[in-house]
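Sending over a structure as structure tokens; questions will come in a sec.
Labels for the chains are A, B, C and D, by order of writing; each one numbers its residues from 1.
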Amino acid sequence: MIGLTHYLVISALIFSIGLMGVLRRRNLLMLFFATEVMLNAVNIAFAAISHYYNDLTGQMFAFFIIAIAASEVAVGLGILIVLYKKHGSLDLDDLANMKG
Amino acid sequence: METLVYIALFAPFASSLFAALFGMSPKQTFVGIVASLLLFASFCASAMLAFHVWTTGAGIHVTMMDWISAGDLHIPFGFVVDQVSVTMMTVVTLVSTVVHVYSIGYMDHDKSFNRFFSYLSAFVFSMMILVMSDNFAGLFIGWEGVGVCSWLLIGFWYHKEDVSREENPSISPSWAANEAFIMNRIADLGMLIGLFILYWNVGSLQYDVVFAALPDLSGSVLNAAAIALFIGAMGKSAQFPLHTWLTDAMEGPTPVSALIHAATMVTAGVFLVIRANPLFSMTPEVSYFIAALGTFVAFFAASMALVNRDLKRIIAFSTLSQLGYMFAAAGLGAYWIALFHLAAHAFFKALLFLGAGNVMHAMHDELDIFKMGGLKKAMKWTYIYMGVASLALAGIPPFAGFFSKDAIIETAFNEGTLFLWVILVVTAGMTAFYSFRQVFLTFEGDERYKAFGIHPHEMYKYVLIAMSPLAILAVIAGFAQGTFEHFVTKLLPDYHMSEHTHHLSMMLGLIVLAFAVGGIVLAYRKYYKGLKRDKKLENSFTYKLLANQYYIPNLYEAIITKPYAMLSEMMWKDVDMKIVDATVDGIAKFLYKSGDASRKMQTGNLSNYLNWMAVGSVFLLVIAVISAMFV
Amino acid sequence: MLQPINVSLESLNLITLAPMLIAVAGGLIILILDLINGKLHKSLYVMLTILVLVVDFGATLGLNVNERGFFDVMLIDGVSIVSQLLIIVASIIFTPLALTSKRFHEYSYPEFFALFLFMVAGFQFMVASDNLILIFVGLETASLALYTLIALHNRSNSYEAAVKYFTMGALAAGFFAMGSAVIYGLTGSIELYRVADVLAARMNETGLMIAVFGSAVLLLVAFAFKLSLFPFHTWAPDVYEGASAPLAGYMSVVPKVAAFVVSIRIFGMYIDLGVEWVRIVIIVLAVLTMTLANVMALVQEDVKRMLAYSSISHAGFIIAALALDTTEGTTAIFFYYALFMFTNLGAFTMLWISRHKVRRFDARYDHPYEKFAGMISIRPVGAVIMAIFMLSLAGVPPFSVFWGKIYVMQAAVNSGYVWLAVVMGLNSAIAAYYYLKLVVYMFLKEPVKDVDTVQYNSSKPLMAVVGFATLATVAAIFYVQPLVSYIYYMISASGY
Amino acid sequence: MENILSILVFFPAIAGLLGFVVDKESARAYGITVAAIEFLLSVWLWFSFDTANAGMQFVELIPIIPDFGISYYLGVDGISLFIILMATLMTLIGMMSMSITENIKNMIITLLFLEMTMVGVFVSLDAIIFYLFWELSLVPMLYIIGAWGGPLRVYAAVKFFLYTFTGSLIMLVGMLFVAYVYHNLTGVWSFAITDWYALVLPVNYQLWLFAAFFVGFAIKVPMFPFHTWLPYAHGQAPTIGSVILAAVLLKMGTYGFVRFSLPMFPDASVMAIMPIAALSIVMIIYTAMVAYAQKDMKQVIAYSSVSHMGIIMLGIFAMNAEGISGSVFQMLSHGIVSGALFMLVGVIYDRRHTKLMSEFGGLASVMPKYAVIFGIMLMASVGLPLTIGFVGEFLVLLGFYHVSPVLTALAGTSIIIGAIYMLTLFKKSFFGPVTNEANKTLKDLSSKETWSLVPLVLIVVWLGVYPKPVLAPIDNSVKAMLAFMDAKAITQEAKDMIKVSKTTLNRGEVK
């Protein structure tokens, strides 16, 4: 039977995948996806724990995360669009005007 | 009587200030006259005080005001006029007055005439403080004061250039002045330490308090204090090894040499030993050392005088030698004899210097006696004066030197220190030789100066007259020996020859006299007829050794002056700049460099930033795990 | 049997929500005004914003200490009141900086002001709750608004800054969410006071420690990012450089105060629970942050970037006070920020005043040191004021930051961390170098030619702000006492 | 006038603020007037000072931050009184002799602010207020060195600032710790020094705190090996900067030792005697040698300052009234003499724009007045009796002899090597023939220069001959302090070492 542990392991795995994506990806869009993956991993964890405790708070948290992730994407994409207009690229390595 | 004390003390000060007012203006003869009059006033006051002390037998003690008081230390400006100080006062003011008058003539053509009088009177003032003070700190004021005045006066012709040691052994007046000051400072440190020792063991620096407390002190404290004070005396009285400055000090104008470097200041060391006789008489080892050193210096200086060609330097060496005699006497406990020789020596030595000054004046500042000769025609009076002074110096009866020096030599015999006695006797012979070598080479024989186109002339009349008191005293002072003894031994411990010595005294005197006469005869035979140079002798090692003052100045330069300069340079450039400062800057540079290094993490690349975050979290996790293991 | 839902309005205690609601309403009003008439001048919006904030301030001041409201998710304790007041005051000072003499892109949008007010509301939510959901929501509301505000500056660098901040912020958000999940999993609760109770009961269980540490690490990463602690600070210099000067100044104070409040709540809980490790880690991070930020600031060529590093260093300084977990330490945080706020905003305002439309001195930087060379002979008063700000930041008495500094150091000493105080002292000395560098440029160097326009962007409102900041910096000694006693009272009342 | 100290502190500052309004041409006159009024005020302070009272006088106490325990707490005793007088005097004289014309207004205003901080340091009885003025004094000095200095001025100014700043931050931690301990013992926060005096600290605390304060003070003094900022600062500073720096700012360090370290940590101070004496002696001898190696007149005097400060340090740690009173007196004497010497170097620098000794020679013939005053100051500097320089040096050495005869002998070499570098300086610059063409036409002292130097000469002689009016109040306060230290010391060694004078007055009102 699939228990809490399985969910938590899955959640941890997906979180790590998301994290690796954030660390390794060079395209900003992919980076955003990776962060979404991470947040969704958290959602899995919350839902599972919520079920385990038979407590709705976790699911509430998950809903809030979904909402925030959505607005994050909205704002993020907006910024990306103006950036793309200015730079013509979404490659991370092109984005190093400021350093030192 | 207090008024007299203050007159004696402050008249020279007034004189100095008065002359200083005109210090930067051109020569004004009245400055010299006023200064001399004030000095004469001081002399009169001193003489009256002397008479007072003589008649009443009691000293005068005045306290003017507080000087320093801190903690438990209280130092007043206090002055004491007793048998010892009044003797010194009289001698000092007398010689000073003569020298002041003399200087009016001698410094006639100098543009800094007024300044000279200012310095000279300031010196007398300092010297008066030195001898009159009722405490060691006051003595130290005068001690340093005469040091500064000596510095000013040696370097009086400061505008002269530095030359090599071969050309002029003293390099330049300003060099000689600095040398004198610094060497004296070395000794002054010893003196200061002596003061500290006395203060912390007695709680005061007043003579009377200190001397009264001496019996309660332990032997080591007494010895330490005596040694320290004597180191001070060694500097001022130019005892070996701090003697080189004295001959170099001859760079100063001749009246200065007469006053400071013959009659007064250099005897301050002897005065100190006499003043502190309660201390020194309780430390026989130190006293014996003083006597031995004095004897050594007497011989050592006389040996250098034998071959010197410089008129003033010969006299300077003789001063050194006579100081050695005085220390020998003081060290052997014959304080009153030392003081007696001090006074007598002041008269004839000042006279000798002033005579030398006349010669210089006549010879246009030429000092090499090999270039003189036959001056007696032009300078009869000077010849007489110098002759008298030399006879006194050589210890020929009935001149003053005979009595005083003979007493010292007799003391050495009396104390059983035969070795010292022998040396002192030999030295007496040497003294007679070099004195007359100088007199004969200067005044007798062929007129070598003509080759240099010099036309000598006698000094001004009033100058010669002014010198006469010294000449008279040089002749007659010796007869006052008994009176003097009676006078000063009210304060100083009396010293009597033992029966044995007393019996032999005639014979001892004759031995000394024989040596002295022998010296004169030798000088007569070699130099009376004129200068015959002996190349072989002059090239011998001993001759060169003596002529170069045993190479001691060169030695000092090689082992002290130059290494000090080198070490200083090294301290600055290598230690201060390259180690101390570089460390400080190094820390700053390190921080700056680490800034440069760490800003590299700020690549500007977002990916790197995100990686840093990951690294950070791993770092935190690692710490977490590690601490979890230890919890 | 189902119970009918029955919520009494009184138990909601809506007054606790009033400050945030005012800010949100203000933002909405601005948007509506813009809808009605799109041609209104920015000065109207500026004044409106200030008015809203003033009302907000009043509402916050009127709150009672230690109340809960709105289903107990709102927590109005002393910490939240003090921090809200700080946030609002900083916002009030910030707002007039829009009224520059030259036209700048972002201020022409009324949305700027609306977003700004939303952001303030977000921060207020963040500090006024101990519910992790509400904290998260507030945090994200504020952050998203902030990203937009940065990007509105409409320069290539601003976009870059916004993207960097945004991406890293998103990652941090992920960490925060995960950390919350772990806490939830551990305790079945996301309200910190309950979490603390449960954890306290379970502390002795074996194996629990690892989970506790895990949650702590995840949350620490999230807030270390917000507080720009080493090595999570990397965004800060770039974002400060890319953002406009006033916004950079604002960012160095307000988001950090908010993040500090949450950190106090979360990490204070851990430390109280006896997880000594959290304290150690925070102190290590604090020392690393202040030192490394300082040495990196030494080598900067641009004043704004230097100030960015200096802000990081100051944050490191203060986080150390957090680790002490004493009333004094917590007081020190707010006290320091209250004093730091004036000086820092003043300094950034000075930069803003000297801002040109195009870069005249350097291809990359707006405010290279050379720009200020010889300012004493061009604008003596400006130079003196800027020097006062720099000296204050360096901790020279009697200027404001000095008092904060000794309070923090005293707190460290009182908790037995004398070595920490010494490290703080040494760091202040290092920091003095780069502040001094600007002073040296202004006072001791010859002016570079063609710099008659050091006060290019000046205007009366900006001068007023600078004047106020100067006064607050110089006269700190006179208000330190009431300030510190008020903060101390508030903090101790809320049990920290 | 009970609040004369406040007036003394803030009068120059207010005058400085008003100075912004004064016209550029009149700025100098304005500055001199203000400084003169300030000086007269301080003289008045002296006359109204009760010399029989060894305690603090003219005390003003206004709590400003009671929660921290910080109050505006001022007062003077015999130790600080004369340093204040010297500070105001040297500011006045420095301004009178100032030859700067460029940006004169800024200079005057800066100097007036500097004067506030200097007076403030010496009247503060609250550690934080003390620290406040202490740090604040760096700022005007930084500006003076940096704006009017030589080619390396920025480096020198920043080095000066950072070095001192670093040290004082460590000291600040020490102060905070004392306050903490005080709070622990009494439950009250206080930074008042007089309150702190009452603390009896365990020896290990004392040692650490002593070390913390030591760092702050030693850098300021500056003690070897923390002295390297000083030659740069002096070398680059304009004359007025060097004068104030040498005369007053350095004294803050030694004053700090007397005011804080000794009475607060008597046991630690006694334990520190030997290390500090060792450092001081290294400082005396080593820097004197370095001074001898210098080519630049000003650097010679700068290094000589360090050497003389070594003497002062030695005296402070003599632990007897002779030494400490001597030290305080030597602070005054060094202030006046080195201030005057820097002014004198400034005189020649104004004429020739060089300070290298090799450029000169024979100045005595060209500028006799100058040479005379230089000579007097030189003699005071080498400690000739009857000048101000002797009294302090003598007392210090005398006092320290009680602690260690051998070390005193070593320290005493300062009178020899001091003479060496000073006389060499004098000989190289003033004696010998005038070789350099440019020197032949030099003008002697102008009346402005003469009138600023002559008062110093008079003081040098007056206090050399009759130091009592100054020395007696100092001595009273020092004796009271020693008696207090002795009573407070915990360890027997400290009690043995601290020598209480037999004639100690009652210390006045001490809380």
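By definition in this document, a contact is a pair of C-beta atoms (placed from the backbone, for glycine too) under 8 Å apart; a residue touches a chain by one contact, two chains touch by 3 or more.
Since the structure is predicted, the reported quantities are computational estimates derived from the model, not experimental observations.
Q: Return the chains shared as contacts by chain A and chain D, ordered by label.
A: Output, common partners of chain A and chain D: B, C.
Q: Name the most central chain, where centre means the mean of Cα atoms.
A: The most central chain here turns out to be D.
Q: Is the C-beta contact count larger for B-D or for C-D?
A: Per the contact counts, B-D leads.
Q: Express in whole angstrom the distance between the two chain centres, defined as the mean CA positions of chain B and chain D.
A: Measuring from centre to centre gives 36 Å for this pair.
Q: Between chain C and chain D, tell me the centre distance in angstrom, where each centre is the average of that chain's C-alpha atoms.
A: Measuring from centre to centre gives 44 Å for this pair.
Q: Report the inter-centroid distance (CA atoms only) between chain A and chain C in whole Å.
A: That gives a centre separation of 26 Å.
Q: Distance-wise, how many Å sit between the C-alpha centres of chain A and chain B, to the nearest whole number?
A: 96
Q: Give the residues of chain B touching no fewer than two other chains, as numbers and ranges.
A: Within chain B, residues 588, 599, 602, 604, 606, 610 contact more than one other chain.
Q: What positions in chain C touch 2 or more of the other chains?
A: Answer for chain C, listing residues that touch two or more other chains: 163-164, 167, 171, 237-238, 433.
Q: I need the residues of chain A touching at least two other chains; which ones are they?
A: 19, 22, 95, 97-100
Q: Strictly by the criterion at the top, what is the full list of touching chain pairs?
A: Every pair of chains meeting the touch criterion: A-B, A-C, B-C, B-D, C-D.
Q: Which positions of chain C touch chain B when the two form their complex?
A: 163-164, 167-168, 171-172, 175, 209-210, 213-214, 216-218, 220-221, 224-225, 230-232, 234-235, 237-238, 276-277, 280-281, 284, 292, 295-299, 430, 433
Q: Under the definition above, what is the set of chain B residues touching chain A in their complex?
A: These residues of chain B touch chain A: 599, 602-607, 610-611, 614.
Q: Give every residue of chain C touching chain A within the complex, in rising order.
A: 132-133, 136-137, 140, 144, 147-148, 151, 156-157, 159-164, 166-167, 170-171, 173-174, 177-178, 180-181, 184-185, 188-190, 237-238, 241-242, 300, 305, 364
Q: Help me check something: in the complex, which residues belonging to chain C touch chain D?
A: Those in contact with chain D are residues 376, 391, 394-398, 402-403, 406-407, 409-410, 413-414, 418, 421-422, 424-426, 428-429, 432-433, 436, 439-440, 443-445, 477-478, 480-481, 484-485, 488.
Q: Could you list, by residue number, the parts of chain D that touch chain B in their complex?
A: Spelled out, the residues of chain D in touch with chain B are 159, 162-163, 224-225, 227-229, 286, 289-290, 292-294, 320-323, 325-326, 329, 362, 364-365, 368-369, 372, 379, 382, 384-386, 390-391, 394-395, 397-399, 401-402, 405, 408-409, 412-413, 415-416, 419-420, 423-424, 427, 430-434, 465-468, 471-472, 474-475, 478-479, 499, 501-503.
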